[in-house]
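Labels run A, B, C and D following the written order; every chain starts at residue 1.
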Amino acid sequence: MNNKVDLSINLGNLQLKNPVMPASGTFDIRDTILNKEQLNSLGAIITKSIASHKRLGNPGPRIWETEAGMMNAVGIPAEGFEYFKENILPLLEDFCVPIIVSMVGDSITDFCQLAKKLDNFEKISALEINLSCPNLNDGLYFGTNKDVLGDLIYQLKKNTGKVVMAKLSPNVTDITEMALTAEEAGADIIIIANTFLGMAIDSEKLIPRLGNKVGGISGPGIRPIIVRMIWEASQRVKIPIVGVGGITSTRDALEMFLAGASAVQVGSANFSNPYVMLNIIEGIAGYLNKKKYKSVKDIVGLIK
Amino acid sequence: MNNKVDLSINLGNLQLKNPVMPASGTFDIRDTILNKEQLNSLGAIITKSIASHKRLGNPGPRIWETEAGMMNAVGIPAEGFEYFKENILPLLEDFCVPIIVSMVGDSITDFCQLAKKLDNFEKISALEINLSCPNLNDGLYFGTNKDVLGDLIYQLKKNTGKVVMAKLSPNVTDITEMALTAEEAGADIIIIANTFLGMAIDSEKLIPRLGNKVGGISGPGIRPIIVRMIWEASQRVKIPIVGVGGITSTRDALEMFLAGASAVQVGSANFSNPYVMLNIIEGIAGYLNKKKYKSVKDIVGLIK
Amino acid sequence: MKSAENKPLFVTGKVLENRNINGDYFEIVIEAPDIARNARPGQFVMLSRWNINNLFLKRPFSFYQIDAEQGRFAILYKKIGKGTEILSQSKKADQVELIGSCGNGFSLPENVGKIALVARGIGVATLLPLAIEGKKKGLEIYSFLSAREKNLLLGPDKLGPLSSHIFYTTDDDWKGTDGKVTFFLEELLKNNRTDFEAVYVCGSKRLARHIRELQKEYHFAAYISLEERMGCGIGACKGCVINTIYGYQRVCKEGPVFPLEEVILNE
Amino acid sequence: MKSAENKPLFVTGKVLENRNINGDYFEIVIEAPDIARNARPGQFVMLSRWNINNLFLKRPFSFYQIDAEQGRFAILYKKIGKGTEILSQSKKADQVELIGSCGNGFSLPENVGKIALVARGIGVATLLPLAIEGKKKGLEIYSFLSAREKNLLLGPDKLGPLSSHIFYTTDDDWKGTDGKVTFFLEELLKNNRTDFEAVYVCGSKRLARHIRELQKEYHFAAYISLEERMGCGIGACKGCVINTIYGYQRVCKEGPVFPLEEVILNE
């Protein structure tokens, strides 16, 4: 039914056959309902953030449903590098789509050492820097201070030849300033954005709903803020932007392309609908066809 | 049924018989369904932001419903001071609850001149500074730059003896820093917060959903961010905090008290349920009773 | 405009009936005596049959039929999105929340004479109560209806008996030059020199622009009922403005009915 | 634990029946052959009967009865919030979305002997399929049920015929020291020197703590089925952890059934 439309997109040196991929931490290659064929039809595969050493994560409860989305205070219970190499990387060998590894670190040195180690693996196409996990005090630091952000990316680039994707925190006054800083420091791709820091309180039990007290908000309730941030940043930065936050449907994804994103990640909507990424890939093709566009590139940043 | 619980609260020199009032711009004394008795049972009455001179506001569409709330790009079509004096102030004479006037301005001088004029009216109890209407470029400036914010409040206080309520913008990296700045500059009360800046795009018509392209997000979808901000700021500032953003029920209001707010404002939920403030006032009394608290003061900031 | 004498009320209404008319069109009958009593043609209600946590805002709907004595009114609505989808599932005895009556209704001419009603699609909903009141007043009614498809043409059955003349076109099988139903009106004005006391239009800015052209030449009174996205429906939020020669005006408060010549119709 | 042999599927199920048992308790029967076929006692499904824009997450529910041949299963659920409220309005032929079967089910002892099932409130839902399977295997079943109120006591009718002995207490009219139904278990262990191959508990950490104490003295195998708030239900989000002697473990993946001695029960 769909005529041939071109869904492929180049994010700098990263070539995707379509612009839809999972968001880190909401998808696990070890625990997915999708079969191999379905996984190979995604734009890319991404890992949960890994760290140089094992991290436990936060005490429960880690999840709270909000009015249009959810909060999580998982806190990045990351696998250490060795575990990753032994147990996860082999599972990724099998796929014919780009593999993106998300990294979290305690310090610039920590990030750099991990990047250096990951650099040795052919199979890994890109490193995503989780700058902004709001559940870690130190994580927030990277994402909300532009000098530290710039320095981190600059140092990191010296340690890896992989494509570097800087996943920004949305908890900032001026996303454009952060995006420009990342670009200048050498990031290849900007991801807008990680979760908003939020809190919910149980007025019956008189305790926070999350074990960590505060957590990251994802889902449709915050999508309009993300769309605005993509739109703002895309007027100024030249490197590609990946949009993430609150996508549940083709229409939501299209908003991000029109605002200036070249690709999208889908996070917590996978929980409710494990096929949502597959549906969106098909939906984008259908939209382009209907609107008589030849390529998804034609709609990136159409809204000025 | 409710035993006598004490709903009164003092916000510095502002004495409220209960801690629930409308949020500016979502309530108009000329256009309310509430009768005089109902209005007199509110904690306070507030005006739509007024300006020294008439402002037109933004072209339509000005409203867009989101997944858990709405966006508005009304843009403060403010009445000028003279109109306010002649047509609105007389309507407010009748009420026996504190009257708060919300002000918007183009510059520090503009704000100060307006404050000076309003200072002459006995009937007005407090001036709320709309620092953050995200629909005005200049408005955003006041709300997101701490030096300008401090300066504005400092100058303003020299021009008025009224209680000054600083309504902060949530579109900042560090709300505590902004709150401390306002406190230091002499603000009597902090309001957290105005709307988040957002955007939505119509992928069929290929235009933004709002005439002004971007607009302010209100409603439950952003409440967890506001609750977190109140909680953060209340650990540091000593002056009272008024919470606003996404309250639709007693439970929502309680979250804000427990996080550290001494009073709340209810905004866009009034549209769906014009009695929502009355219901919440009753609901708080019921809650205090059930939990055997004597006063609403007992639950302010209970969650540390 | 005739001003609402009473301020809007916030009440619970009871669904008496909800039925599919055809395609995506439904008619719902609601019992709400306090609202029905004061409802005027051209006014509307803000309605929800959902929780605020499900859909945040109420939706505006015009009165389609008003029965003040029985304390009920009808709404003719088209299923187009989330709210109307939920509404379309209404069953007898369901409760709805209402704010109304909102806005200013239509004024009928003082003289007895001819009036023209021009409606496209669901616009007929807004004009039917006006036709009923006009007929009562002894006015002669010319109705001009248009729709996208033949089977979506609403109202001939209801407006027919009230009208002395009825004209219609549809996009798929139109009659009249260029498909605009207002060409029939133009013909009448031109050839028969029929005089209209007033022309009322709802549901199409394109038709309204044509009427505005005719009005400049033939000098009749003309009124348009407009739609805008609404927050409150009662004038509080300033969300529903349209552009007029007097600046921005609120559809929910100064409207929804405006003198045609005051409205800036471009876009 | 018996590991799920197949990975969870994402399918649409059809409601065959939904009825109110008593108070806020409901039983729903769902046709979903691909899930029923592989369902094991102790496993669960993630279910939604709502749109993602209405409620964002699916809800976890244990299998209450499994009929692999007919391709259907039942859930016993309590209406406690938004999701279960919507679920309670289900009608025959409604569609639900399901992810399942999720998690690891119960393992039954290799030996033929006695097992004890301890459930509080809705916890009985999780244990019923285990009783059915245990009975088939020729095990002798002792059931211990507890609830807040007498009329909320679930399961005697279903568990009765499967059990050789059944004990129950309610908070409003309890029997047994201190109201804990596990005191009956203690009595049996102490006086009769009854030996249990395994004890299974669901629905109360307080009862589980008591069983843990008994376990230390009498050295039986014991298993607990746990609940945590869930994002994905399939192990991907790391949201549903509980604290164990091996660190955080996911209820949806390593659980929901855990050896009692591995779980850190304080709080």
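Here, a residue touches a chain if its C-beta (ideal position, glycine included) is under 8 Å from a C-beta of that chain, and two chains touch if they have at least 3 such contacts.
For clarity, every value in this text was computed on a predicted model and none was experimentally measured.
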**OP:** Enter the minimum step count from chain A to chain C; a value of 1 means the two chains touch.
**Re:** 2
**OP:** Compute the centre of every chain as the mean of its C-alpha atoms, then state which one is farthest from the centre of chain B.
**Re:** D
**OP:** Could you please state the distance in Å, as a whole number, between where the Cα atoms of chain C are centred and where those of chain D are centred?
**Re:** 57
Original post:
Centre to centre, by mean C-alpha position, how many angstrom separate chain A and chain D?
Top reply: 36
**OP:** Averaged over CA atoms, how far is the centre of chain B from the centre of chain D? Could you give it in whole Å?
**Re:** 48
Original post:
Among the residues of chain B, which ones contact at least 2 other chains?
Top reply: 66-69, 219-220
Original post:
Mind pulling the chain D residues that touch 2 or more other chains?
Top reply: 53
Original post:
For chain C, which residues are in contact with chain B within the complex?
Top reply: 7-10, 48, 52-53, 55-58, 97, 99, 228-243, 247-248, 253
Subject >> Residue ranges of chain A in contact with chain B within the complex >> reply: 66-69, 71, 144, 171-174, 196-201, 203, 206-208, 213-214, 217, 219-225, 227-228, 231, 246, 251, 254-255, 258-259, 287, 302-303
Original post:
Which bits of chain B are touching chain C when the two form their complex?
Top reply: 25-28, 30-33, 48, 56-57, 59-66, 68-70, 72, 74, 77, 219-220, 248, 268-275
